[in-house]
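In the part that follows, the structures are each spelled out as structure tokens.
The two complexes that follow have chain A in common; it is paired with chain B in the first and with chain C in the second.
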Partner chain A sequence: MSYYECDVRSLPEGSDSPSRLALVARRLGYSGMIICNRATNGPLFGAGATEKIDKIDVARGVELVASSPRTLHSRTAALRSRFDFLAACGGPERIDRAACEDPNVDLLLHPQERGKRLGITAAKAARDNQVTIGIDLGPMIHLRGSTRIKWAETVHQDLKLIRKFDLGLMITTGPKSHLDLRAPREMIALARMVGLEDYEAEEALRLPERILGLNRRRWASPGVEML
Partner chain B sequence: MRSRLPVLRDRKRYIAFELESEGSVRSGDLIREIYASQVSLFGDMGASKNRIKLITFNGGFGLVRCSHRRVLECRAVLATVRAVGRNRVAIRVRGVSGTIKTATEKYIPQPILQAVDDERRIDLGLVSGSVARIRKKEIDLSPDDKKITEGSGTQYVGLTYFDLCGGDTNADGTSDGV
Partner chain C sequence: MIITPENIARHEIIGLLAEVVESTNPCLVGIRGRVTDETRNTFLIETDDGEKRVAKSHVSFVFSLPRGRVKVAGSILVSQPENRIHKKARKPRWKL
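Right, the complex of A and B next:
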């Protein structure tokens, strides 16, 4: 039952300090969360305070926004060693594809924005490079009417590809404030509305912990792990 | 006179919830918002199957009745409520039960939110402002620079005691700096 919220934005990008988000997430039943502020938005506010909160694991990740595949690859190579978790912000098809072709990327976020679907080539590359796909359920909460319908259509299409190629899946609400955080059972209920099965949604909430575990291994030399 | 045969009576579930909000919310506005998000999510015919009804709401905690087959759908409806009027809110489900009595006894505690009357200030460099309310270790700060909360649409900045330790100039003698 170790559920993680994988894409939390804290001050200065969101409106809450990391420790406030951690306290609320713990109260809601999460055992960890990953702060994925954008690297360009300045240093994290009050990062040290989260260490004083027990029973919740607060991991530092980063979200990359790149205008071209080339900058994406160079940024992932530069940031990989500094952060436990790397998320790439998708959007245009070539950026999606570049992110999926980069084994350094852990998570491809927001490909459903503005009615943009995940491409088949990107999905195949994601399978080969073990890149997980993130479904942001935030629009489900923030949007109403036709814009939400278009978003849901895109999510259905993406889910088809994710199932076909057996890709890793994470779900998040992309919270920028503690009021955007939703408890794991609410996340499962929301995920069911867009067509995920209960067990798929549970697995999607557990996956970040597994990936963090893999990323946090320390290697003495190739093939030799420090325990 | 009995209005319905007992065997035809629908089974129900009561969802106890807690409303986290930035300002005070009236029950009429809340149920209107819940109905609106329900219709938006399921459409008219789908919404009619949920049979959602607000039983009680005291400003912080409340009870919602729904059909016993549609609890998960009702959770989704409550999760999609984002704002009531101009107040950003979040509905946290505390538990589900079969009767009003058990739902109230098990899941609805005494309120723990503490409103702060005297204006206490916090200045942490990036963020400064006055304390609006405190809930255990969680602090809502009304920021001087309103731009800081623009992206998330909230009114307050969420902090904790842990953020304040040591650095505050207006400390009133307590070790946590508030």
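Right, the complex of A and C next:
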């Protein structure tokens, strides 16, 4: 089983280096992880050391935070060729929708923040543009009481849309240090608590590898691959 | 217009060297030769064992172009050749 953690933060946004995170992720049973820092300039801090760690694939992605749809589209177009994986941070409905309408985006993260549900229009756009929806299971661990119930209800509604439109799904806990990393078995258990079936959770952990594999190939145009 | 990986989906395919590399029908994998005719849904490929008609959909082809070899998902070639020139590439990268 090749499981991937799709939204890991490393130094300087997280508290651990990529190599430390990679070692812990390998011990927990992951075969890869994607480091999605928000900074896009310069090399990743301590990236060289991760190449010496075998049996784990450390990919570099970026998480985009945009204030307007126009900014998001221009940033994804500019960054697409530089990174293997592009995640867009959701929030307001217009940003969620813009991310779903942009085929350069691989993953829309955190659409459940502040009780905001994924809209039907955004879900249809995500299906057409093959944008994956990410569910951050961090609130399941960190929140308590009524706020957690409200969050779980939002996730439940989003899952209905994800199943209805057959959208790709990824799960993460958004780890910012090696202590935040959860083993795949724990992730599946957390996903079960928000209403995912076991096979759906396993598929959600495997999906990043498939998308990374496709992104790393050389595409001349849709469906045409350079050999 | 010279055929390139960028415009192959809208270009004339007849005359190119083609090889079937992926198919839902394993018997088709390995068919290799020159494309001699094309219909909306099939290619006629001239092989050493005679002419073979291969469906476009559910098959991946490798074509030899002047700028190198490209692997093409047959589903993007499903169209009558005279109408294919009007096709527009909708999505970037691997998204189909």
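Here are a few things to note about the model shown:
Following the convention adopted for this analysis, the second predicted complex is superposed on the first by the 215 of 227 C-alpha atoms of A that agree within 3 Å, B and C clash if a C-alpha of one lies under 4 Å from a C-alpha of the other, contacts with A are read in each partner's own complex, and residues count from 1 in each chain.
The rule is simple: a contact is a pair of C-beta atoms (placed from the backbone, for glycine too) under 8 Å apart; a residue touches a chain by one contact, two chains touch by 3 or more.
This one's a predicted model, so the numbers in the text were calculated from it and none came from an experiment.
Within the superposed three-chain model, A:P222 lies in touch with chain C and out of touch with chain B [touch as defined at top]. Look at A:L179: by the touch rule set out above, it reaches chain B but stays clear of chain C. With both structures placed on the common chain, the touch criterion links A:Y199 to neither chain B nor chain C. Once the two complexes are laid over each other on the shared chain, residue contacts for A:H142 go to chain B alone; chain C is not touched. In the superposed model, A:L214 makes contact with chain C only, not with chain B.
A count of residues in chain A touched by chain B and by chain C gives the higher number to B.
The touching residues of chain B, when paired with chain A in their complex, are 20, 22, 37, 40-41, 72-73, 75-76, 78-80, 82, 88-90, 92-93, 124, 126-127, 137-139, 148-149, 151-154, 156-160, 162-163, 165. Touching chain B in their complex are the following residues of chain A: 9, 11-17, 19-21, 23-24, 28, 45-46, 49-50, 52-53, 140-142, 144-145, 148, 176-183, 185-190, 192-193.
Residues 4-9, 62, 68-73, 75-76, 89-96 of chain C are the ones that touch chain A when the two sit in their complex.
Per the touch definition, chain A reaches chain C in the complex via residues 80, 103-104, 129-130, 214-215, 217, 219-227.
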